[in-house]
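What follows is a group of structures, each given as structure tokens.
Both complexes shown next keep chain A, but they swap its partner, so chain B is in the first and chain C is in the second.
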Partner chain A sequence: MKGLEELKDKIHEILPDLDLVIGWEQGYDGLHATPLFIKTPEDVDRLIIGPLCVHNLATYLPGLKDKKVGVIVKGCDSRAVIELLQEKLINKDNVVILGLTCDGVINLTKLGRKIGSLGAVDDVKVEGEKLNVVIGDQQHNIAFSEVKQDKCENCIYPNALVFDHFIGEPVDRVENVGAEHQSLSDFEGKSFDQRFAFWKHEMSRCIRCHACRNACPMCVCRDHCVAMTRNPHWLSQENNVAENWMFQMIHVMHLTGRCVECGECERACPMDIPLMLLRRQMNRGVREVFDYEAGIDAQNRPPLLTFKVEEDNISEREW
Partner chain B sequence: MSQQKFLASQSIGSFLETLLREHRVLVPLCEGDSVVFRPFRKGGGLELTRMPTTSPKEATFPRVETLMSFTQKVSAPQEEDGGKERPEIELTEHLPQDSTVVFGSRPCGAKGKTIFSRVYDTEAVKDPYFIARRDNTLFISIACSAPETTCFCTSVGGGPADSTGSDILLIPVTDGFMAEAVTEAGAKLMESAFFDAGTQKAEEAQAVVERAETKLGQAQDFSNAREKLLKLFDNESFWEEMSAKCISCGTCTYLCPTCYCFNITDETAGNTGKRVRTWDNCMDYLFTLEASTHNPRSSKAKRLKNRVGHKFSYYPSLHEEHIACCGCGRCIKSCPAAVDIRQIVKSAQEYEDVNI
Partner chain C sequence: MPVYDGKELRIVGFLCNWCSYGGADTAGVARFHQATDLRIIRVPCSGRIDPLFILKAFQGGAAGVLVSGCHPRDCHYAEGNYYARRRLELLKRFLPVTGIDPERFEYTWVSASEGPRWQHVVQTFTDRIHKLGPAPLLSEPLTDAEMVEFQRQVEAGRGCGCHI
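Moving on to the complex of A and B:
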């Protein structure tokens, strides 16, 4: 991500006409950025951009519908904005999009695997393709490519796809076109029993905190989620594998043709459950059946929000 | 201070195996990329260096607890009812019977239950489920030698070697731990031959604790937080600012060793069912949703105000100034938006009302 000064200038320029601009600032330690809600020119000084800026800030937009909001987006984040616009969940007249170009963001779980506990990190510096992590008197030099988020590994949309103001120079990632994430084929290579055992094990750790749901820019029901109803009683209060799994099925199903693969659900999960495997699987299905990818074209209709008498890839007559 | 004994790292597995004869033993284990408390198995691993992702709260206050189960039956036709059948309910109460040892919690995690003991074990109210578990659970805690950026135990009345809530405190030294009995039950466990009174590394242990205390730095002074937070109770814009980035999930609450709210529901299937008590989450919209559909905490700002206010203001007012937070930092570390409870309280303490 480049162009911090250009971005700051632009925010100073547009802030007088807006209620707020959402960006990132440094969090409580060298490893964490945190969302920043800019309301005054002084707030702009705290803005940062870079590989720590993991949060998809589009998540906050539906909750700020009655405000005039500026939002800073990476390529992947911009797809969520597009999807929200397509579904009329936000009003374009009230949103000013500041688009970035991105070289990937960090995955703290992967970094943790490399250096053990991240709890006492003093500082992190990005020097080109190297990440320098300082813990007390120890230094760890790690290739950034090894600790990028999965979505960054085969990203084909590094530049914001929708924007009012573009910051920096767009970059090319043509080499990734058509690449599916490796984890999907690896997982599919396993037998049904192995896959089922895998998910049973993963789901036994879920604490049903709903961070995966609330971090998702497309999960707009939030306080009125179907998983919380007592009547019909889709889910019990019990926190066990069956109920946790059912909740994930609800999430994935309700994201069919809407999930933009931003990875926020998995990043937000405090129990490090690899939720993206399920989302990638569903998105592959959507691609195969509907030739559709969510969050690319604001004029397009999500396949399950429209109706065709005869779908192109579903031969109902032969049923 | 009672006499310290040495527990060698290599004897821990065998020691825990002896405990298995009489107790359920919970230990921190790596599962996926997280560290969670799970039953110890013979020959199974342990994760004693990383801070556990979940807290050991589950040992005394489980996520899901069946209070009773019930079956509805129909009696044989009754003569006095004119040959009609009568519904009958068969109830079974499930009072906890287990005895548990938690091995490898941090001092802050063990302290957690002392916070809700003040609420669930009072003159007026006794929670038999919690009390049974608490009285049958022993905590063998490990003092912290490498505090994290999110740790602030010393600001809330604890410390890296605080023994409150523990039965035995272990201080890491070369090749093992110096063990100190905190309670009689702890002393009894330390009669085991795995604890060696001959090896003395008290000085090294002292140095480990001092280093950790230095690393934690200056404690934050929360003493006026109680009144400052109360003053801000009706200041909506303050709380909106504090909660702007919060996504109102359950991570902070469910990972917290000191959050103790619960829900009770009847979960039924056909003619049978159970009454379960499950953790509840004050950051959730449903927490205060009333049957009339009115919700006194309709926004995340109001909910976060409650979470912070309860811990740093309302609870201390009711319980001799004790803060209902043990400073473990889990809510900061695992928050998807990096919300920092220390910063919120500090902002409240530093808040200057321009209108006064």
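Moving on to the complex of A and C:
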């Protein structure tokens, strides 16, 4: 990500007309960024951009629908903004989009496995393809590509797809990456029984903190989520495998044709449950059947909100 | 009739009121011989079927789930089954990643006059599920000892074990 000074100048320019601008600032240590809500010109100084800026800030937009908001987006984040526009969940007149170009963000879990502990990191610097992590008087040099988020490994949209102001120069679209992440075909090496047992185990670890839902830019129902209702009673308060599994099924079904594969659900999960496998599988179906990707064009109609009398890729179910 | 282990399996069917439920009725009135594993849930339209209904049935241990609605172009509400078709097709393609064999789920179209076709659908699907056997379970059923304890609590006349 480049163009911090250009970005700051732009924010100074547009801030007077806005209620706030959402960006990132350094968190409680050298390793964590945290969302920053810029309301005054002084706040702008705290802004950072770079590989620590993992959060998809589009998640905040539906909750701030009635405010004039500026939002800083990477390529993947911009797809969430587009999907929100597609579904008329936000009003374009109230949003100013500051688009970035991105060369990947860090997966803290992967980094933790490399350096042992994430406890006391003082500083993280990226120099080209090298990541330099400073912990006290120790230095770790790690290849950036080894600790990037999964979604960055097959990212085909590094530049913001929608913007009012583009910061920096767009980078070339990466070639030779599949639309689908490798992990899904790897997972298909398992038999059905193994997959079922895999999810039983993973769901036994879920603590139902709802972080996956709350981090998701497309989960806009918030307190009205069906997982919470008593009537119909989709889920009990019990924390067991069957209920946790059902909670995930609700998330995936309600994201059908809407999920922009931003990976926020999996990133937010404190138990590191590989939730993206489920989302990727559903998105594969959406691509195959409807030749469609969510969050690419604000004029597109989400596939489940329409139909064709003769579907192109669904064979009639005659027995 | 093929029978798994001498037992019926639990198969759940979601049928639309106007076509497939009528079709099942036609088959019944004509006294067609059918497998009896299927438990039918009548819904107003296949468009009313939330894919979560189907997943909820699997969560509860259903060995198979069958959805049947009006033929395309024949929906009582004109276009409900077109929306249903999209949802159900995506659900079927999603199931493999969960480890639930997608063969355990099927959707099809049967009209109210197609009694023989309904018989064929039920029999074919039931045979298929019997080949696959009972579904893998997310939660283990109660053991005999737990059942005895459960019964003891019920007989004690209180809803929950904490207050016995």
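Definition applied: the second predicted complex is superposed on the first by the 311 of 319 C-alpha atoms of A that agree within 3 Å, B and C clash if a C-alpha of one lies under 4 Å from a C-alpha of the other, contacts with A are read in each partner's own complex, and residues count from 1 in each chain.
As a convention for this text, contacts are C-beta pairs under 8 Å (C-beta built on N, C-alpha and C of every residue); 3 or more make two chains touch, one makes a residue touch a chain.
Because the structure is a prediction, the values reported are computed rather than measured.
*Asks:* Classify the contacts of A:Ile207 with the two partner chains as first (chain B alone), second (chain C alone), both, or neither.
*Replies:* In the superposition, A:Ile207 contacts chain B only.
*Asks:* Once chain A of both complexes is superposed, is A:Asp29 in touch with chain B (first), chain C (second), both, or neither?
*Replies:* It touches chain B, and chain C stays clear.
*Asks:* Considering only the touch criterion stated at the top, classify A:Asn240 as touching first (chain B), second (chain C), both, or neither.
*Replies:* Both partners, chain B and chain C.
*Asks:* Look at A:Phe192 in the shared chain and tell me whether it touches chain B only, chain C only, both, or neither; answer first, second, both or neither.
*Replies:* After superposing on A, A:Phe192 lies in contact with chain C but is clear of chain B.
*Asks:* Looking at A:Ala120 after the superposition, I want to know if it touches chain B, chain C, both of them or none. Which is it: first, second, both, neither?
*Replies:* In the superposition, A:Ala120 contacts chain B only.
*Asks:* If we overlay the two complexes on their shared chain A, which of chain B and chain C does A:Ile250 touch? Say first, second, both or neither.
*Replies:* In the superposed model, A:Ile250 contacts chain C only, not chain B.
*Asks:* Using the superposition on chain A described above, determine whether A:Arg222 touches chain B (first), chain C (second), both, or neither.
*Replies:* first
*Asks:* Classify the contacts of A:Lys67 with the two partner chains as first (chain B alone), second (chain C alone), both, or neither.
*Replies:* neither
*Asks:* Just chain B (first), just chain C (second), both, or neither: which does A:Arg301 touch?
*Replies:* After superposing on A, A:Arg301 lies clear of both chain B and chain C.
*Asks:* Once the complexes are superposed, what residues of chain A are shared between the chain B interface and the chain C interface?
*Replies:* Common interface on chain A, chain B vs chain C: 240.
*Asks:* Of all residues in chain A, which touch chain B in the complex?
*Replies:* Against chain B, chain A makes touches at 27-29, 31-37, 55, 59-60, 109, 112-113, 116-117, 119-121, 201-202, 205, 207-211, 213-215, 222-224, 228, 230, 236-240, 264, 267-268, 270-274.
*Asks:* Using the touch definition from the top, list the residues of chain B that touch chain A in their complex.
*Replies:* 31-34, 36, 49-51, 53-54, 63-64, 146-151, 215, 241, 244-245, 247-251, 253-255, 263, 265, 267, 276, 278-279, 281, 284-286, 332-334, 336-340, 342-343
*Asks:* Considering only the defined contacts, which chain C positions touch chain A in the complex?
*Replies:* 50-52, 55-56, 59, 72-73, 79, 82-83, 85-87, 89-91, 93-94, 96-101, 106-109, 117, 120-121, 124, 136, 138-139
*Asks:* Inside the complex, what are the residues of chain A that reach chain C?
*Replies:* Residue positions touching the partner: 184, 187-188, 190, 192-200, 203, 234, 240-242, 245-246, 249-250, 252-253, 256-257, 277-278, 281-282, 284-286, 288-290, 303-304, 307-309, 311, 314, 316-319.
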